[in-house]
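Note that subunit A is present in both complexes that follow, paired respectively with subunit B and with subunit C.
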Partner chain A sequence: MSEEQIFEQVVKILTPYVKDEKALASISGETNILEDLKVNSARLVDVVLAFEDEFDIEIADEDVDSVNTVGDCVSLIARTKG
Partner chain B sequence: MSVRIALWLQRNLSRLISPLWIPLCVFVMTYIFRWKIEGAKSSRAEYSRLRKASVPVLICANHLTKLDSALIGWALGGMTFYLRDFGAVAWNLPAREHFAYSWWARIAVYLLKCIPIDRGGSRKGIAQVLSKLTWLMNRGEAGLVFPEGGRSRTGRVDVQSAAYGVGRIIKALPGCRVLCVYIRGRSQDSWSDLPKRGESFFVAVRSFEPKSDKGGLRGSVDIAEQVMMHLSAMESSYFDDHA
Partner chain C sequence: MTSQEKRVVVTGLGVLAPNGHNVQEFESALRNGRTGIRHNPEMDEFKFSCQVAAIPQGIEELCVANFSEELLMSMNCAQRYAALAAVECWRDAGFEVPSETDDEAIDWETGAVFGTGIGGMETIAERVAPLVNERKIRRLGSTAVEQVMASGVSARLSGILALGNQVTTNSSACSTGTEAVIEGLYRIRAGRSSRMICGGTEAATRYIWAGFDAMRVLARKWNDSPSKASRPLSASAGGFVPGAGAGALMLESLESASKRGARIYAEVLGGSINCGGHRSGGSMTAPNPLGVERCIKEALSESKITADQVDLISGHLTATGADPKEVWAWSRALGRPAEDFPTILSTKSLIGHTLGAAGAIESIAAILMLHSDFVHPSVNCEDVHPDLVAFEGSIPRKAKENEGNDIVMKASFGFGDVNACVSFQRWQA
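Showing the complex of A and B:
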């Protein structure tokens, strides 16, 4: 699975949690999930669990700490999938 | 100064002045606020039993007022108990916005075994605070957290609002026992800053050892949900018995 495909899936998963829908129009790897997309920090866990289900991976607690941007999600998923 | 030395210094400074602040807290709750705890004998016996078992103990409670930590401490032990076993005075993680807003508040929370946390802050910042608590609990200190992550806005335990960090702490501490505490003022209908003067508090405790077959983040979420289910069941019992 390419990083572009992962990116598309990540955006799809994030969409229901996004509070600032305008930010979705210009979403990129640099987009910050909490600050730009205004995803509720408590819901970030649900987002990561959705990644686990979608990509059939297991994400460690410590790895969640490094997730800030959409690009971080893509790199984490690509790295975990191996 | 390393984080660990700083934590140990905080712990020992707090211990040094504990013969002043522990009786002062009890005095204020007993004679100024005129609060009363119902069922303290059994909750204290259970906490004392867990402390003697020499396993990490994480106290997980429902959360309705800003002074719940002090009330829970009082419900779980008397002055002599805490002065003899200072590790039993639980560390807690108050929201920085409420408890560390001025220099005197920062000194107070420092001396009362608190590690302020930035609610809604960066994941790394929160992880550092959880890691400090885990390190302390590995060394015989008790911890106190509110798994809902804040005062319950509905006035009832909200199972859906489980903060997964609770599960993360427990997973990092093999053999960790959770002491669920359900505390509620008899006239406390919803959340508030302070309980009413003269309030009488119902308290119930239940201990268990959470386990999960799941790994990673899902395991932490699973454990956090187990804790919330216990608190929710305790709340249901309260309302069934006191309706």
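Showing the complex of A and C:
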């Protein structure tokens, strides 16, 4: 699976949680999930569970702590998938 | 505080009932004596003795039309019902649902007392218990707590409507909905808020109903004829029909309602809440008749009305052995013998017992009967209970129109020996 394909799926999973539609329209790897997309931080655990289900992976809690941007998600998923 | 400020009126209604998904549908169902009780295949599959239930049907479409995908993922059944009823009530009162991201939308003058009898039981049974037992704690995600915390139902309404006054969940078993209305009345009267969304909700889940089935308090003999299963006041009453749904009432100070030119359905004259103390026949599951009578009398005096002014009684009347005792308690409390007794009916005959939502949905029915001047039929009591033969003339078996009823009393009595009684008067501008 290419990083572009992962990016597309990540955006799809994040979309229901996004509170800033403008930021969603111009979403990129640099987009910050909490600050730009205004996702409720409590919902990040649901987003991570959705990544695990979608990509059939397990994400360690300590890896989640270092995720800030959409790009961070994509590289974490690509790395975990191996 | 002037006397006008202390008057409280109803300016909005919202309902998700087993026989109607909004106020208009509900009123039409009541008028036509349309039941919301159906055969329940799941209760059959899980070997319940009672296999009929009263559940709002096909609400998925309504949910999708009203709520964001994130909200839908985070709400359980009781919260969805509560949210749908409250949104209808909010709009009915003349307000617009604010944007989730509009920080200016917060309404510091509106709060909510929105109760539930049982709460997030299906979340506990379907998600929390299985996942914890499988040692999959993190799979619970972020929504388990907000679904099982008792205050989740009222907190949800604050999030959707940006309510900034007191937002709380009350829980007093089957008197929850009526208690919520009275608590809202007290808060507005005390001058602590202009408006309160008052109501109750209860989920449709076999996990709630199983305990009642085990107690043998559900209707077991009418599985093949659901519309006949809820039989309050009858000789053949053999238990209540479990129900689900939500009702929401916008209570508002008359001052606030007048200022903004709101449509008024009725005035909330007064109410009383008490407990029988589990003495003199009262227990966790039975009411102390002295407590019931005292509650009705206090509601009368708190409403500043006399017993002869009461035109209509919307009883608790669940279709158990408690029905005759309740009617006689009304008669003693009001000092009105059978020959001078007001009309008395059970909304549960049409929608079953919606538990924590019952007082709210039935209060809405009571208010609609005043506002639109009709009386809905209390069905399935052709064979009136032998102890109630003297009261037969007070039970409307068929709908009535243009009765000119002015004052209705609504009471709910719940497990724990708790009682709540409220009175509404038709609004004449």
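Heads up, the rule we're going with is that the second predicted complex is superposed on the first by the 82 of 82 C-alpha atoms of A that agree within 3 Å, B and C clash if a C-alpha of one lies under 4 Å from a C-alpha of the other, contacts with A are read in each partner's own complex, and residues count from 1 in each chain.
Please note the rule applied: a residue touches a chain if its C-beta (ideal position, glycine included) is under 8 Å from a C-beta of that chain, and two chains touch if they have at least 3 such contacts.
This structure is a prediction, so every number in the text was calculated from the model and none was measured.
Once the two complexes are overlaid through subunit A, subunit B and subunit C clash, as defined at the top of the document.
Once chain A of one complex is fitted onto chain A of the other, the partner contacts of A:Asp65 are limited to subunit B, with no touch recorded for subunit C. With both structures placed on the common chain, the touch criterion links A:Lys38 to subunit C but leaves subunit B unconnected. Using the contact criterion defined above for the overlaid structures, shared-chain residue A:Leu49 touches subunit B and also reaches subunit C.
In the superposition on chain A, A:Lys19 contacts subunit C only, with no contact to subunit B.
The contact surfaces that subunit B and subunit C form on subunit A in the two complexes overlap at residues 42, 44-45, 49, 61. Put simply, subunit C touches subunit A in their complex at residues 68-70, 73, 100-101, 138-139, 141-143.
Those residues of subunit A whose C-beta lies close enough to touch subunit C in the complex are 15-17, 19-20, 38, 40, 42-46, 49, 61. By the touch criterion given at the top, residues 120-124, 126-127, 149, 161, 163-164, 168, 171, 215-218, 220-221 of subunit B touch subunit A in their complex.
Within the complex formed with subunit B, the residues of subunit A that make contact are 41-42, 44-45, 48-49, 52, 58-62, 64-68.
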